[in-house]
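Take a look at the structure set out below.
Labels for the chains are A, B, C, D, E and F, by order of writing; each one numbers its residues from 1.
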Amino acid sequence: MKMILAVFSIFSLLSLCHASVVDFCVADYTAPNGPAGYSCKKPAKVTVDDFVYTGLGVSGNTSNIIKAAVSPAFDAQFPGVNGLGISVARLDLAPGGVIPLHTHPGASELLVVVQGKICAGFVASDNTVYLKTLQKGDIMVFPQGLLHFQINAGGIPGLAFVTFSSANPGLQILDFALFKSDFPTQLIAETTFLDAAQIKKLKGVLGGSG
Amino acid sequence: MKMILAVFSIFSLLSLCHASVVDFCVADYTAPNGPAGYSCKKPAKVTVDDFVYTGLGVSGNTSNIIKAAVSPAFDAQFPGVNGLGISVARLDLAPGGVIPLHTHPGASELLVVVQGKICAGFVASDNTVYLKTLQKGDIMVFPQGLLHFQINAGGIPGLAFVTFSSANPGLQILDFALFKSDFPTQLIAETTFLDAAQIKKLKGVLGGSG
Amino acid sequence: MKMILAVFSIFSLLSLCHASVVDFCVADYTAPNGPAGYSCKKPAKVTVDDFVYTGLGVSGNTSNIIKAAVSPAFDAQFPGVNGLGISVARLDLAPGGVIPLHTHPGASELLVVVQGKICAGFVASDNTVYLKTLQKGDIMVFPQGLLHFQINAGGIPGLAFVTFSSANPGLQILDFALFKSDFPTQLIAETTFLDAAQIKKLKGVLGGSG
Amino acid sequence: MKMILAVFSIFSLLSLCHASVVDFCVADYTAPNGPAGYSCKKPAKVTVDDFVYTGLGVSGNTSNIIKAAVSPAFDAQFPGVNGLGISVARLDLAPGGVIPLHTHPGASELLVVVQGKICAGFVASDNTVYLKTLQKGDIMVFPQGLLHFQINAGGIPGLAFVTFSSANPGLQILDFALFKSDFPTQLIAETTFLDAAQIKKLKGVLGGSG
Amino acid sequence: MKMILAVFSIFSLLSLCHASVVDFCVADYTAPNGPAGYSCKKPAKVTVDDFVYTGLGVSGNTSNIIKAAVSPAFDAQFPGVNGLGISVARLDLAPGGVIPLHTHPGASELLVVVQGKICAGFVASDNTVYLKTLQKGDIMVFPQGLLHFQINAGGIPGLAFVTFSSANPGLQILDFALFKSDFPTQLIAETTFLDAAQIKKLKGVLGGSG
Amino acid sequence: MKMILAVFSIFSLLSLCHASVVDFCVADYTAPNGPAGYSCKKPAKVTVDDFVYTGLGVSGNTSNIIKAAVSPAFDAQFPGVNGLGISVARLDLAPGGVIPLHTHPGASELLVVVQGKICAGFVASDNTVYLKTLQKGDIMVFPQGLLHFQINAGGIPGLAFVTFSSANPGLQILDFALFKSDFPTQLIAETTFLDAAQIKKLKGVLGGSG
């Protein structure tokens, strides 16, 4: 009895709180977001399922031109990672599959090969190219903001999970930025030295305009 | 006269602002909060009392089983510290009093002994135990996230102020996490190797279920 | 055709998002702000003009006592810098112009001289004074939170752009803090050792009270 | 020819550098380390193998009492992650295997189940317990510094990769902190309310003293 | 027996480390320091005394013109706080004592009154002055980088502990920056509007030159 | 006399320091660097010239294929910005000059047009292109890590200063990464969909191999 009081008297000191910024800040997609992430769901409404993401158990659809798929669980999809500085995506690479050259503007990436062989690489600011063919269980890290890619290097489907040092790493795919956008062809030519014919050809494929 | 204009002409440049994120962000508990803390109260509504917390001048209630009390002034209680990366709590330790083993998930702690003698310690990741009996005026720092405790080591009431490297350090008391929760006894046993009888005994004392 | 599907099947994975915290967080001045900055404008409403600030093309009004003007483009004026950790201001210094001793509580400053000669300096915590007369094209950096100043050191108008390591650096002008406020004269005297007559004289000039 | 000059004249501006803090800071274990991590290896000595970790392709040894193994690739083992705010470990859980209750003082954790079923859970500061049985491909996030565990919940070996929001997350295993250390039995009893007999029994098992 | 192996087989995985950046980074004053703090002492050389500071148990010498003393335990004096984002100082204020107007360029400050009455205040960027007379046990927070002061407001010696949101907050005392330095009198006059006579008078008192 | 003691007795408390991490950390290029930047030069050896960079007063050499030059003052060139989270570069754009498409992996960029007209743009992760022709005095911000460019849009030489939210922003020029490196032509083709002929043509121009 005295014990109950005891516990109360400590604990009450810690519970006379407003909806507090506690151990986590599960995303509330209905409230405003800011530079640090989404607003926090009221703790009373948080359940374990906010911390669990079940979308990555199945292969993404790789019946496409790149024979690959990227399935993200960033803060926009996975409310539990909001504000925690980490997120994840699933990579599926069918035989011949490629994740085209891309960057994550706001995060470093760590890749774990779960199935198959993957050839991966990145280019540093000094234009050094770092390339490696990775086996099942190998890990590779890609420093923040640098151009990198992954290619299936085996005869079987490749599977990898990539995690990021941010809940919102972003993803800028080079070809989409140039050829799936309305980036004017002449400006692309002037700023990349690519031939206009090449640019127009790829815009035709990827659906870019301008 | 010309002077007045002068001052205006500089100052106006700096005052054509929206409710600005200025030097501080006093917590507005009525608006959404995010990973970085609470929303900011409109500067016009801020008063000096937002920066002053008067709740810690009196002893917490130590007539309880642990003969101790923790009185926090974190961002949920003290609006002025919101976003400033610092907060404080008062520790009262009656003779024989104990602050049980606990962690602060999001902050390092700095303890200042104001009255009495306090035996304090923490355990590092390599399982080294750092123990010290502290005198009045002594300072001890507890690195972020590590298990630590404080015990009254004198015959008189002990008083300390603990400050944190976060406005929202959190507080996870080991016994409460295990025995004042609905953590299933079998799972506790499997993940701590404690005997079920021991677990049930402490759940009985602290009011845990499962 | 197959291509179109292809692109969709990748891209859709990345677009089933809520209004996402993406590459940037353009300030929405109508929503709450927090310690990390303003809420983000919905991406669909963002335009290039949110990232462009055109107010600094013309000289500020220097027909004032200090013969100088500071024109800020901080997050409160320039929505595109919200959350990006950078901002800018234009300094105009007529002949004889002075930017009085001041600090930026939350940022380091980098000054670029665009026209004229500017004598600049700062004082470090150990009371060392760092002074330099800067020519057109020279750069000087002022570490965070330290007292510093700029003075026109040529016969012609001086122009500089100063950038900051924060979207909201703040600006505390020493004379305004002391003499353009309601800081009681006696308290100023006690905490600065300045003579009351000196304090009252400058309050008269700058419009302070108390 | 003119071209070559051209390229040089741009590039030289960017290469008159000292051993620069560039895109990454591969750990040099022979130089001093600091709060932000290890010193950087000279860029000229960096190879792709600094960014690749091959130690996690094989199962850890689970022929032990917990029928489990944790194989870390933190900055102390994996030089390429130094300073990048991310790291990884492999979890092997034989049937009946358990990763005992533990915390990571400096990081949030994201778990990806690669094989088998895993029951995982964490306890929040308010003593709420979040439990879930995870299937192959499921993701769970554990907020920074909170007590959590993983248990094999299937009849087959479980495999998971856990990544962290720090290159140096730390790992404090509760039982090791209490019972594999020289934490005096009486102090453990006073700060956890565990019976001395229980403490001594587990110290006997785990090799603790005091 | 089997158990011992068991424990070893887990633990060894975590101990095949180089001198690791672990839970803390106790300052090694003999090695280089960097922007994040001092280099780390080898874990094997760390003792509990690195985390305990005993210098603040006695009053600082207040037999001086300001009848006050500031006794810091920053990372340069207290090796255990290096890299932990927190530090502390003791303030002694004899009757009539004053801590002159000053700033901490790199940290917010939290003051706890332990004895006596203290009148404290700070000035915000918008020149609002926030003043309060604090009683024993009251807390006041001073946002980063803003001018603030403390004055004994009682008839008895005042004692306070101030903690900071940085291991290295810095301390810039306004009068020392202006009048205990070699800041040229003419430049001070031009950038503060103070009369040359006033400046020279205070330089005479505080020992400034120029 | 008493005064002198007075000052000493305060100040001494603040000066019994080791080479302290004070207000700044001027780069010492002879000591190891780490993730947070270079080691700090001993305060006694720091001079005002460490905080001043005079290299940007003159135009870079634009007699090259892109008719442009980038002159950086990053921490590797400008020791005073080390650890301060800001740096700068000068852009010279002769008529017809172009800064090719590039990213800064670790920083946001703020551009100030000082002379001429500049057409600038960036592409966001959702492939939206933000384009603007900037006049003298206009400011544009480029969020971290996104592809962007600048082109002279007037008949006269263009001059701009760009500042960054990091002392070490990095610079990855797309064409150099692809065509001035040893990135194998086949891998570029597979990861960009560019025709091999196009790749080889540009490698011929820029000096790439593979």
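Everything that follows uses one rule, which is that a contact is a pair of C-beta atoms (placed from the backbone, for glycine too) under 8 Å apart; a residue touches a chain by one contact, two chains touch by 3 or more.
To keep track of the chains, here are their UniProt names: A, B, C, D, E, F = Germin-like protein.
Model, not experiment: these values are computed from the prediction.
Select, from D-E and B-D, the pair of chains that is joined by more C-beta pairs in contact.
Per the contact counts, B-D leads.
Quick check on chain B (Germin-like protein) against chain C (Germin-like protein): do more than half of the interface residue numbers occur in both copies, making it same, or fewer, making it different?
Different residues, largely: of all residue numbers at this interface, under half are found in both copies.
Taking each chain's centre as its mean C-alpha position, how far apart are chain C (Germin-like protein) and chain E (Germin-like protein) in Å?
26
What whole-number Å value describes the gap between the mean CA coordinates of chain A (Germin-like protein) and chain B (Germin-like protein)?
Distance between chain centres, rounded to whole Å: 34 Å.
Per the centroid of Cα atoms for each chain, what is the distance between chain A (Germin-like protein) and chain E (Germin-like protein), given in Å?
41
Which chain A (Germin-like protein) residues touch at least two other chains?
22-23, 32-38, 105-106, 124-125, 131, 143-146, 170-171, 176, 180, 205 - these are the residues of chain A (Germin-like protein) that touch more than one other chain.
Who touches whom among the chains?
Chains touch in the following pairs: A-B, A-C, A-D, A-F, B-C, B-D, B-E, C-E, C-F, D-E, D-F, E-F.
Using the touch definition from the top, list the residues of chain E (Germin-like protein) that touch chain B (Germin-like protein) in their complex.
Contacts found on chain E (Germin-like protein): 15, 22-24, 43, 47-49, 51-54, 56-58, 73, 78, 80-81, 84-88, 90, 108-110, 112, 114, 122, 124-126, 130-132, 134-146, 161, 163-165.
State the interface residues of chain F (Germin-like protein) toward chain D (Germin-like protein) in the complex, per the touch definition above.
These residues of chain F (Germin-like protein) touch chain D (Germin-like protein): 29, 32-38, 60-61, 63-66, 68-72, 74-77, 105-106, 167-168, 170-171, 176, 180, 205-207.
For a test of understanding, state which residues of chain A (Germin-like protein) touch chain F (Germin-like protein) in their complex under the given definition.
98-101, 103-106, 119, 121, 123-125, 127-129, 131, 143-147, 149, 151, 170-172, 174-184, 187-188, 190-195, 198, 201-202, 205, 210
Can you list the chain C (Germin-like protein) residues touching chain A (Germin-like protein) in their complex?
2-7, 9-11, 13-14, 16-23, 25, 28, 31-40, 82-83
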